[in-house]
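Take a look at the structures below.
The two complexes that follow have chain A in common; it is paired with chain B in the first and with chain C in the second.
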Partner chain A sequence: MIDTLTNTVLFVMLVLTALAIVRMERLFAVVMLSSVFSLLSALLFVTLDAVDVAFTEAAVGAGISTVLMLGTIALTKPTAKRSRHTAFVPLIVVCVTGAALVYGTLDMPAFGAYDAPAQMHVGPDYLARTPDDIDVPNVVTAILGSYRGYDTLGETAVVFTAGIGVLLLLSGLRRRREDEDEEV
Partner chain B sequence: MIFHHLILRVVTKLLVGTIILFALYVQFHGDFSPGGGFQAGVIMAVAFILYGIVFSLESVKKVFPEWLVHKILALGVLIYACTGIATMLLGYDFLDYDAFAPLHPTHGQHWGLLAIEFGVGVTVTGVMVAIYYAFAGRPPSLPDEDW
Partner chain C sequence: MGQLFNLQFLTGHIHYLLFIILMMTGLFIVVDKTNLVKKIIGLNIFQASVFMFYVSIGKVTGGTAPIFPMDDKYHVDKEALQGIVYSNPLPHVLILTAIVVGIATTSLGLALIIRIRESFNTIDEEDILNIEQEMTRDDNNKHRDVAEGLT
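The block that comes next holds the complex of A and B.
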């Protein structure tokens, strides 16, 4: 009962935030609202007992990306450009996609069902083996670090590559401009 | 400029240490509680970014210079990969942490997890701070009054 209430309230707030973001023109407010949106999603993850994901969403979505978006606004313009196109076609596309997604969820197992495919495959195996193999209470860490250590190494490499990419794009450009200035 | 935002500056000075302490807790307590290297790295980076926002980019670069950020960005991946190579040198599979304590495999797993989580945390801290430096280091086109 209380779960349903919490979920309903959070989802309503999520939708309201999204609508407010669409209506806004001042980008500063948009960035702040998307930070709120991230915080609300983090709360939703907490109600789903996915605390690790909630943690990441709160830190990255609400924290770092807000700062980076603010930094981007400082480099560009504080207001959104008005679109000259009508919003009719995008609205239809969004409605059709949304309806397709909702139709897709009709076939999904009920929320929290014990016989959902996600609970039947390798999940129980990991849960049963972790105390003997690794003996850490947080099974998420055990799976990410030990059973799936290769994947996490790959993810770390992806984070590293992304960082290098941004550095090349942003700081490389500045150096080239300075060089051109020197040549002139 | 430096005399502006007195409350923000005092609160930031109080918070930064606490945030770093919390990041270390998330980092090294990841086997027992939610979180791990990725979350800890982001929280650690937030401490420096907050300091940079409230004081200035120059003052945070004095604490955490740009060359060091660029070094640790790569160091984390190296720590992770070298953990795997170490297990191979000890005669086990790549990233099979049993190698660190053959008589007590779960202890080996604990040490291996600590090592790789540390690697992840170091890289994520480096990447987040580096991206922030890259964004904040460019001259803003928007004057302060236009916000």
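The block that comes next holds the complex of A and C.
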């Protein structure tokens, strides 16, 4: 019961933050609010027992991505223009999608059910085998580094590719600017 | 549909409804707002709510975080394990990977925004569309002039 209460309070705060992001025009405030959003979602991850996910989200979502976005708005414009079109069509799209998703969740097992399909197969198996196989107290570490090590390898490849992409896109930014200055 | 008014069903599924509300707020920002940085933030909100939804599937009522107790030799204490319920660690691992991949794609998107600003001098979708239409019109006029000169 207390769990549900905590979750609901966190949810209300998350939704309020998201709505404030919808309303705001100043991008600096929007970026700060998105950082707040990440921190609140990290709190929610703690109540969902995912402590590793929580501190990754706090470090990456509230930390690094805020820094990246601040860098971006420093290089571009600090305010957003009010959009000229009406919000009618987007609202309909969002409502229809939301209704379809809610219809999809009606068949889901109840929140926290111990006999849900997700709790039946590999998850408990990893929990049972970790003390003998790997002998690491944190099961998330054991799965991340050992049972599903190839996933982590793939993740590293993706991050590497994205890093190269960012470097290629941004390299020569200053050089091109100097060229423009010379032309003017 | 009658089960919607059953209290037990409702308490079991209200979390999913709340996740979907958050998700749809993110989708609304992506569809409605014309500023590109705001679109990326909307995408991040959408993504974060998908993560919450996914992690909530692994939650077991009365369970705790999947970290085992240790004995004094820094091995897993197998006797102390008995009778403790743990939440499913597998969704946590998958989402951990997804968060890191998410920041990689976000940074790529932000780099693209910086390049767009360099080329168009704006990061507003409607302005970019107008500039592109103008460029196409100029191109068409130029082609027409050349074609008329040939005949």
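Keep this in mind: the second predicted complex is superposed on the first by the 171 of 184 C-alpha atoms of A that agree within 3 Å, B and C clash if a C-alpha of one lies under 4 Å from a C-alpha of the other, contacts with A are read in each partner's own complex, and residues count from 1 in each chain.
Keep in mind that, in the parts below, a contact is a pair of C-beta atoms (placed from the backbone, for glycine too) under 8 Å apart; a residue touches a chain by one contact, two chains touch by 3 or more.
Note that the structure is predicted; figures quoted are calculated from it, not measured.
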{"item": "Touching partner for A:144 - first (chain B), second (chain C), both, neither", "value": "both"}
{"item": "Contacts of A:75 with chain B and chain C, given as first, second, both or neither", "value": "both"}
{"item": "Residue contacts with chain A in the superposition, chain B compared against chain C", "value": "C"}
{"item": "First (chain B), second (chain C), both or neither touched by A:67", "value": "first"}
{"item": "Partner chain(s) touched by A:55 [first = chain B, second = chain C, both, neither]", "value": "first"}
{"item": "First, second, both or neither for A:166, with chain B first and chain C second", "value": "both"}
{"item": "Partner chain(s) touched by A:41 [first = chain B, second = chain C, both, neither]", "value": "second"}
{"item": "Which of chain B and chain C A:127 touches, first, second, both or neither", "value": "second"}
{"item": "Contacts on chain A seen with chain B and repeated with chain C across the two complexes", "value": "51-52, 56, 60, 64, 68, 71-73, 75-77, 135-138, 140, 144, 152, 155, 159, 162-163, 166, 170"}
{"item": "Complex interface listing, chain B residues touching chain A", "value": "26, 30-36, 38-39, 42-43, 45-46, 49, 53, 70, 73-74, 76-77, 80-81, 84, 94-95, 97, 105-106, 109-110, 112-113, 116-117, 119-120, 123-124, 126-128, 130-132, 134-138, 140-142, 146-147"}
{"item": "List of chain A residues in touch with chain B within their complex", "value": "28, 51-52, 54-56, 59-60, 63-64, 67-68, 71-78, 133-138, 140-142, 144-146, 149-150, 152-153, 155-157, 159-160, 162-164, 166-167, 170-171, 174"}
{"item": "Contact set on chain A toward chain C in their complex", "value": "4, 7-8, 11, 14-15, 18-19, 21-22, 27, 30-31, 34, 37-38, 41, 44-45, 48-53, 56-57, 60-61, 64-65, 68-69, 71-73, 75-77, 80-81, 83-85, 87, 90-91, 93-95, 97-98, 101-102, 105-106, 108-114, 116, 118-119, 122-124, 126-127, 130-131, 135-140, 143-144, 148, 151-152, 155, 158-159, 161-163, 165-166, 169-170, 173, 176"}
{"item": "Chain A-facing residues of chain C, complex", "value": "3-4, 8-9, 11-18, 20-29, 31-35, 37-38, 40-42, 44-45, 48, 51-52, 55-61, 63-70, 75-76, 78, 81, 85-97, 99-108, 110-115, 117-118, 122-124, 126-127"}
